[in-house]
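Take a look at the structures below.
Common to both upcoming complexes is chain A, partnered first by chain B, then by chain C.
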Partner chain A sequence: MRMVLPGGLDRSKLVLPILLLAAAVYVPVAVLLIPEGSPFALSVHSAGLFGKYLCYALLALALDLVWGYCGILSLGHGAFFALGGYAMGMYLMRQIGPRGVYGHPVLPDFMVFLNWQELPWYWYGFNHFPFAALMVLLVPGLLAFAFGWFAFRSRVTGVYLSIITQALTFALLLAFFRNDMGFGGNNGLTDFKEILGFELQAPGTRAALFAATALALALCYLLAAWVVSSKAGKVMTALRDAESRVRFLGYDVERYKLFAWTLSAMMAGLAGALYVPQVGIINPGEFAPAASIEAVIWVAVGGRGTLTGAVIGAVMVNFGKSWFTSAMPEFWLFALGGLFVLVTLYLPRGVLGLVSDLWSRAESHRRRRPDDVPQASP
Partner chain B sequence: MNSLIRLLAGLCLLLAAQGAAGPAGAADLAPLVRMLGAGGFDGTERAVAGMAEAGEPAAVPVLEALLAGDLHVRKPEGDVVVARRQGAEMALTDPLSGASLGTAAPAVVDKIRINNSLRRSIRAAIGSLTLMSPDPRIRLNAAHAVFKSRDAAALETLDTALGRETDASVKQAMAEARASVILASASAPEEQKLAAIDTLGERGDREVLSLLTGLSRDAAAPAALKQRAASVVTDIEQRMLFWDALQNLWYGLSLGSVLLLAAIGLAVTFGVMGVINMAHGEMVMLGAYSTFVVQEVFRAYAPQAFDLSLLVALPVAFAVAAGVGLAIEWTVIRKLYGRPLETLLATWGISLALQQAVRSIFGPNNREVGAPSWMSGAFELGGLSITYGRLWIVVFSLAVFALLVVALRRTWFGLTIRAVTQNRPMAAAMGMRTPRVDAMAFALGSGVAGLAGVALSQIDNVSPNLGQAYIIDSFMVVVFGGVGNIWGTLVGALALGTVNKLLEPYAGAVLGKIFVLVLIILFIQRRPRGLFALRGRAVEA
Partner chain C sequence: MESLLYLDGVTVSFDGFKALNGLSLVLQPGEMRAVIGPNGAGKTTMMDVITGKTRPQSGTVLFDGGTDLTKLRENDIATLGIGRKFQRPTVFEHLSVWDNLELALKAPRGPFSTLMWKAAAEHRARINEILAVIRLGDRRDRLAGGLSHGEKQWLEIGMLLAQEPRLLLVDEPVAGMTDAETEQTAALLRDVAETRSVVVVEHDMHFVRALGVKVTCLHEGSVLAEGSLDSVSANQQVIDVYLGR
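Our next item is the complex of A and B:
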């Protein structure tokens, strides 16, 4: 008998959040308190690297919510990620203040360079962290809501939806490349100094950022798990498998899709916002359609429609990417390409599906054995 | 080998030129050149007149040097040289051949002096020598030069030259030059000036526009003149607006045909078979690299037949891309029929691997693909400037489209493809081997992408990322035009190309493109199945 938690959550869903919480405690301790040279110590650099993986994991989680449970394959989730990142980047940019290369008290360096006289209106308010944090969720959320409102209402589904999400992120990519947009053009936003008054490069800040990312991932995971196990989540799963049938049963399919889609975009925005202070830059490259498609493969590798799988897949693939690109850079694209093909052909349920298959096979094997064995025992 | 041939050809030309101009030209001129330095102003005057009479264009640089004050007489020998200051010394060159004669102290050479009347006759001589040169190109250039300089001294020569001129285009240029000179001169009567404005109005290019605009705003000019100039200016502006619009339309057509080429293969695989092939762009890239390889082979073994390399590249690119497409279909796509989203991911993986493979083999940099001679150059059509390269691509893409339509409509193979598209189970029940039809259709679509690569190699950088640049646009075109309908692809490609280019002057290239993308996103909301959707009763899932 499985134990069910108050929110209708399966207890197995707590494993990952607990692990993440442990990491959120352990990593800062390992970075700050454990002396270097100890096998348990962690460099600031690797804390940053793991923090980046967890941001990707949060993006993958957001993607799994829509792809794994609503059947909406988004090839443009990178757009929401990057928008969240830009919102955070704008806050960090404003925090530089007069310490920029040109020393202008208000304008970021690139605006001084472009001979801009005053701050564009859409930069107002970003010097306040709460406002920026609100925008991190609001901007991707609103864009997703508007996009989804039109797309789902007109019943754009399947491949068509995938292609227009790609068009969306491609259009944003082109737009953010423009200098006149006021987001730093090609170079994006960088040279950040501090966040909430803390030096960004300081080990303490890095460790705290990691802990915040792990915490955010754990919370979002719990939220997503709660959503998919709720009644609405059951409807989502149903419409993934047979949309017309759910519609004929009288459900307002668009509302469920729109809800999941917007929630997912906000999670992706949050992931981007946590990503930017840890890598120190946000540029239009994050909008590239290729980046969004890469995120899809993280989910596929881990196991679509499992949430846990998305997190595992994102960390695994990115760990592999880091290793490949330093050990043999020319083979990374072969490996990634091969991963796309092999996973779709032979691992449709991802690593998690493989593990659970092996597990249940071993289980049934073990269960069968006691029936055979009795004769042997005296 | 190639360069050797060129060298030989060059030598032959040189010899021929020497044979023609050597004895008759330079030799005849030599005594006249010597005369320039003897006998004071009168002697120089006679020599200049003699040169003008000889009608030998080789004299032009000599006269120009004289005008610039560079012609000197070398003292003991008494011969005429071009001497220019070089530090403390004078650098000497032969005025006719331009060969260096070493250096000399400034005291050794005497400058040939000229006065104002001499200056006039020198200018007239230069003008008549070039305006009456036997080579129509030189005459044309001379006329253009007069048009720009608006030098009143050239008027007399111009009139003589006009009288003799037989070549219509040169005559036209001379008449325009004359008009511009008359307009600039203070002494010409008003009727002549009015006629000149009309002559210039017919030419109607930007230069005339600025000239006449200046005149129409000139406070000193007579009112009638200003009025005529202003009306001609409005005429020209309207005409230019018209040609500009037409030019933009042509650019749009040209971009549309490029989009059509890139998307037409996709229209078969995605449109007809419902397979989302994200590696389609890489098929285009393979076609472009096949062109590169074919051209390298031509460069190495048959440089004289280089112009044929593109024609040879066509079947090669088709075969390479179709072969790779067939392999992909056999190994991957076959196993994923009916799972479009998984197909999308798997083919994306293939595209990454193909890009990296090409990068490993050919290097990450752009490869140079040459243009055959029949594709370079441009011609004017009214106010349009059309490059042959673009024209051929438009023709080629329409030809590929027509071939594909014929293949799908008129052949047995096309019939089976259409049957499988319309009703797969029924086609199978009638005994068609649908897996084979799928494979052949996919190979066809990929092969057509390879053909597109040959054309795109002419206008785009051949790099491993070539395909990436087109994949999103291609999908937009197919989705916009309507899946399962290659006529829709034609309309979609031309419409998107034209809209893009017509927006460009107002919004800029990038903003125009963003606008088109947003337009497509909105359009799909209205018509989720594209412009020309196949009508059916099927309900998905």
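Our next item is the complex of A and C:
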């Protein structure tokens, strides 16, 4: 019998969070305490890189919740990621205070440069961390809710829905490029100094940011795993496969989609917010349609509809990207495209599917236990 | 007695083609009705109208005395107590047999209720009971996608039972079944009909005879004949358009 945790969570769902927890402890220790020459030591740079991968993993997890379970292929999830990132970026900008190049007590440098006289109203409150943190979730959440409300109610599905998600992120890309939007135009927000009063470049801060990202990913993973293992998660799986049948059972399909979609957007926003202080910049490039499509590839590579696969895929592909872009940058896009084609043709269930196939093949070589009662219900 | 389902003058046209043409049909509470008719007669379209999938251009569709079904969405109609089995068996292939039944089980349908839902002893007992009726007890943990065609048909009937609907619409339940399975299905539907109203669409005349209920024959979107199977099958028009072919 498999062990089942309260709330129907399978014990195997604890593996990844435990690994992340271990990383959240190990990386800060390796960065701060282990002397540099030791093979167990880690540079601040690597910690930042890993932190970035985990942010991507969180975005992939969010995407898998809607794509893998509800069948909504979003080609615009980067928009929610970027909005969360901008909310965090606005906080970091306000933290600079009078230390900007122009030394203005309130206005960020780019506003002074554009001859703005006062802070636009939508920048109010972002000097307070709790407010900014709330906006990190609320802005992507509300946008997703409004978008989903109209799209799902009008029963836009499949390719059409994917296209309008792409249009959404493209529209935001164009908007955020504009200087008069008040988000720094194509330079975006950068030159951050501090977060919560800690110097952003300090190794301790970087290590803490990594730990925070690992923890956030672990918690979001558990939340997502709990959702998909609940009866609501089964409704989602069911509507992915046979939407109208779910309606005739009496479920309001739109409400389920809206729930998953909004939750997913908030997770993506959180991922973006954790990303920005670690990379030190947020600009409209994050809204680029290509960025959202890349996230889809991570999930496909790892294995859609498994949650774990999304995390593995994001880390693997980005690891490969870091290697490629330093070794032979001009080939990265070809490699990515080739990978996607390969996975779609030969690994429809992704890397995780391949591993579990190999595993069950090895398992069937062993003798099956006669008392191997499958479980689904007590 | 007040009728459970009341259709009057229902017309549905697809680009000018009338799939239903002034269809009228009245079903009493607890009644079982067999609907026959040639391909394209409008049988499935009639079910689409009752369940809210298709909106009629004109006509009245009332449930349980006064509820106007043409104004409601599919899921609201389902929660009123109208269950439907499709012509092609549609079960949730990536969920286990047990989960399929659990989703169908009569219980609150909102996302937050299902998020917090835990199967109580009575729910499990009910699912086990249904598993016994549809003879899928030993398959309960299998993915529904791995079932045979006949087993899927039965699972879908089981899901309808779990829904505890007041009105059951069953579209060609024995298509693709063996003779033995057909007999069992007829017996099962007769059992079901003791506590609720059922509309069965079927081409299989042996099956319809085994049901032994009032028959409605549709043709080109309206009722051609209605009555006992013997009187309907003796009707010359029915013989011409349907039985005689």
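We take it that the second predicted complex is superposed on the first by the 367 of 378 C-alpha atoms of A that agree within 3 Å, B and C clash if a C-alpha of one lies under 4 Å from a C-alpha of the other, contacts with A are read in each partner's own complex, and residues count from 1 in each chain.
Here is the rule we use: contacts are C-beta pairs under 8 Å (C-beta built on N, C-alpha and C of every residue); 3 or more make two chains touch, one makes a residue touch a chain.
Everything numeric here is computed off the predicted structure, so don't read it as measured data.
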Query raised in the report: First (chain B), second (chain C), both or neither: which does A:Val29 touch?
Result: neither
Report task. Using the superposition on chain A described above, determine whether A:Thr157 touches chain B (first), chain C (second), both, or neither. Result -> first
Report task. Could you tell me if A:Val235 is touching chain B, chain C, both of them or neither one (first, second, both, neither)? Result -> second
Query raised in the report: Touch check for A:Ser244: first (chain B), second (chain C), both, or neither?
Result: both
Query raised in the report: So, does A:Leu345 touch the first partner chain B, the second partner chain C, both, or neither?
Result: first
Query raised in the report: When the two structures are overlaid on chain A, which partner does A:Val227 contact: first (chain B), second (chain C), both, or neither?
Result: second
Query - Which superposed partner A:Asp252 touches (first chain B, second chain C, both, neither) - result: second
Query raised in the report: Which holds for A:Leu174: it touches chain B only (first), chain C only (second), both, or neither?
Result: first
Report summary line: The chain contacting more residues of chain A, comparing chain B with chain C, is B
Requested in this report: Using the superposition on A, tell me which residues of chain A are in contact with chain B and, in the other complex, with chain C.
Outcome: 241-242, 244-245
Report summary line: Contacts from chain C onto chain A in the complex sit at residues 51, 53, 73-76, 78-79, 83-84, 86, 90-96, 98-99, 102-104, 109-112, 114-119, 124, 127, 140-141, 159, 163
Requested in this report: Please name which positions on chain B make contact with chain A in the complex.
Outcome: 276, 278, 332, 335-336, 340-346, 348-357, 359-360, 468, 472, 475-476, 479, 510-511, 513-514, 517-518, 520-522, 524-526, 528-529, 539-541
Query raised in the report: chain B touches which residues of chain A in the complex?
Result: 73, 75, 147, 150-151, 153-160, 162-164, 166-168, 170-171, 174-175, 177-178, 241-245, 289-290, 293, 296-297, 300, 330-334, 336-341, 343-345, 348
Query raised in the report: How about chain A: which of its residues touch chain C in the complex?
Result: 8, 227, 230-232, 234-235, 237-238, 240-242, 244-253, 255-256, 259, 374-378
